[in-house]
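Questions regarding the structure given below will be posed in turn.
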Amino acid sequence: MTECAANASRPGVYILTTGGSIDKIYTLQGEMEIGPPAARELLERAGATGHTILPVLAKDSLDLTSEDRDRLAELVNGCPPGAAVVITHGTDTMPETGRHLLKHTGHTGHTDHKTVVITGALQPAAMSHSDAAFNLGSAILAAQTLPPGVYVVMHGTVFDVATVRKDKAQGRFV
Amino acid sequence: MTECAANASRPGVYILTTGGSIDKIYTLQGEMEIGPPAARELLERAGATGHTILPVLAKDSLDLTSEDRDRLAELVNGCPPGAAVVITHGTDTMPETGRHLLKHTGHTGHTDHKTVVITGALQPAAMSHSDAAFNLGSAILAAQTLPPGVYVVMHGTVFDVATVRKDKAQGRFV
Amino acid sequence: MTECAANASRPGVYILTTGGSIDKIYTLQGEMEIGPPAARELLERAGATGHTILPVLAKDSLDLTSEDRDRLAELVNGCPPGAAVVITHGTDTMPETGRHLLKHTGHTGHTDHKTVVITGALQPAAMSHSDAAFNLGSAILAAQTLPPGVYVVMHGTVFDVATVRKDKAQGRFV
Amino acid sequence: MTECAANASRPGVYILTTGGSIDKIYTLQGEMEIGPPAARELLERAGATGHTILPVLAKDSLDLTSEDRDRLAELVNGCPPGAAVVITHGTDTMPETGRHLLKHTGHTGHTDHKTVVITGALQPAAMSHSDAAFNLGSAILAAQTLPPGVYVVMHGTVFDVATVRKDKAQGRFV
């Protein structure tokens, strides 16, 4: 039984966390590393209750493997029909993960009625001018309101996962 | 001609700002007062471009008058068909403003196809643990994805404007 | 026995907290009120250990009475000889409290070798652009390095308590 | 003529910046790198005016060379007699730089009456829970109040530069 199903009685959004810039912290040794999911504190500050945070991975998204993405797909497939799912993710490979999920979760045919939204942050949630709270708020709303499918939500914009890409020089999704 | 129409060529969300806790700053004289719209900096941090901020009022929402709400309704009515509108607003009377707009903007019959989302913050955007960025991110997404109507979006939840109320003791919308 | 003496075995600075802007928080009801001493979290973030925080009052400094200041003087008098004392305080009446302490703690004659530094913040510690951490860091250092006496330390400057005043229009001590 | 002397008519503290964690920012490409001196914004928030910021280097302190430290010594030597000097610096080699300055600025004999205080931050100033403001406030005060010599000021504590070391596991100076 997958983790998502184990929490199926909760009405809110399932938030699968995978690491990435959003979760990075600055260690006592002066390195950035993936900390615990930032989503927890961001939800708490916003009074956003009833959601389920499922920590899946703690990786820079450039290090995600095909097996990691298979695991995410399996977790999404294990969520109840109609579920709203947010995946917090490093920004560098959001499009790749999105297209992997599109292929492996039956979303292409929109047959299983789940809405999966991938989001993250260009600045870690621990930075004072981070975009993390804005993006997580956007993604949680999007997961509840968009039709079934797989999306990237960044900058307050919904991107089609089939065509979205990160403009690395600008630090923007287009 | 209303301000909204004057910006009708821009593709993004119209953000009407009215003051409220989200915009409060602490003055040199030790008082909280309404500052410039916090939405500007929140959008900038999130890289959320293409939206139009229209400062309408700078008031505590307990001080909003029927004339103020008429002005908001008029501005919404002046927005182009299909427009996505976010109103940043003090939390105390969001439901009243929402119901006023429902009555005076033709939304009851859903005849004009605008989506109006009222949001704000329980903690000013200037506080380090504010819910402002999360709520604005949610509202901007909601304005683009919800069917035409008038809504309150707080805590990452969409509330029906006909029944929403603020539980003042808990500081929560229910 | 006073509180200060009860902690006399600790080597660090005694921090007497009285409220003021530095400790203000924004309540669920949308009011600013005095919260718990901000000094605790500020010290923790700075890794500043070994100090003793003694919450004395939780007041706006305009509301401090002569009895309140007598109580502060009594507490300072109860601290061990040579003690380093910081008082966190609202900005409006720092000079008055300073001169009261000068008169009632034997500091005029510098007979008891204590260094008392009054500080606070123009922006509450809970605001993201607060001056609280900078001022508390300055004051803690000043209490350990200045000769016995009573001082106001704000903006990284040591002010003579006999002549310091707050320029309320500028929000600065001069 | 050194930069310090070029500003000799200003009464405040000379702040030589060298980079280090305090100045690190998170880039659009997801790397931490040295940004512009954080001291500028920290002073501004604190209303600490009249000081002179002299950007000298922008390096991780592990990358500082003997030539870099010679340059710092030369700059300190060029400051006017009695000057108060703060050096913002990466935490890893503060003791080495301190001892280099002690040897090369005539401070061992306390012959030239300058007070040099090395400080920095374990968490970049750009992080919301940074110790940067507290440390800079402490250092600026220390530079004005300590007798001539070279010091490290961190955690609100003055350390003897001859014996201070960083406990890297704990992230503390001892």
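Assorted remarks:
Residue numbering begins at 1 within each chain, and the chains themselves are lettered A, B, C and D in the order written.
Throughout what follows, a residue touches a chain if its C-beta (ideal position, glycine included) is under 8 Å from a C-beta of that chain, and two chains touch if they have at least 3 such contacts.
Quick caveat: nothing in here was measured; it's all calculated off a predicted structure.
The fewest steps needed to get from subunit B to subunit D, moving only between touching chains, is 2. Centroids of subunit A and subunit B (each the mean of its C-alpha atoms) stand 26 Å apart.
Rounded to whole angstrom units, the spacing between the C-alpha centres of subunit A and subunit C is 45. Rounded to whole angstrom, the centroid-to-centroid distance between subunit A and subunit D, based on C-alpha atoms, equals 40 Å. Listed for subunit B are residues 122-123, 128-129, 171, each touching two or more other chains.
Here the touching chains pair up as A-B, A-D, B-C, C-D.
Within the complex formed with subunit A, the subunit D residues making contact are 21, 24, 26, 28-30, 32, 60, 90-92, 122-124, 126-129, 168-171.
Touching subunit C in their complex are the following residues of subunit D: 13, 42-43, 45-49, 51, 122-123, 128-131, 133-142, 144-146, 153-158, 171-172.
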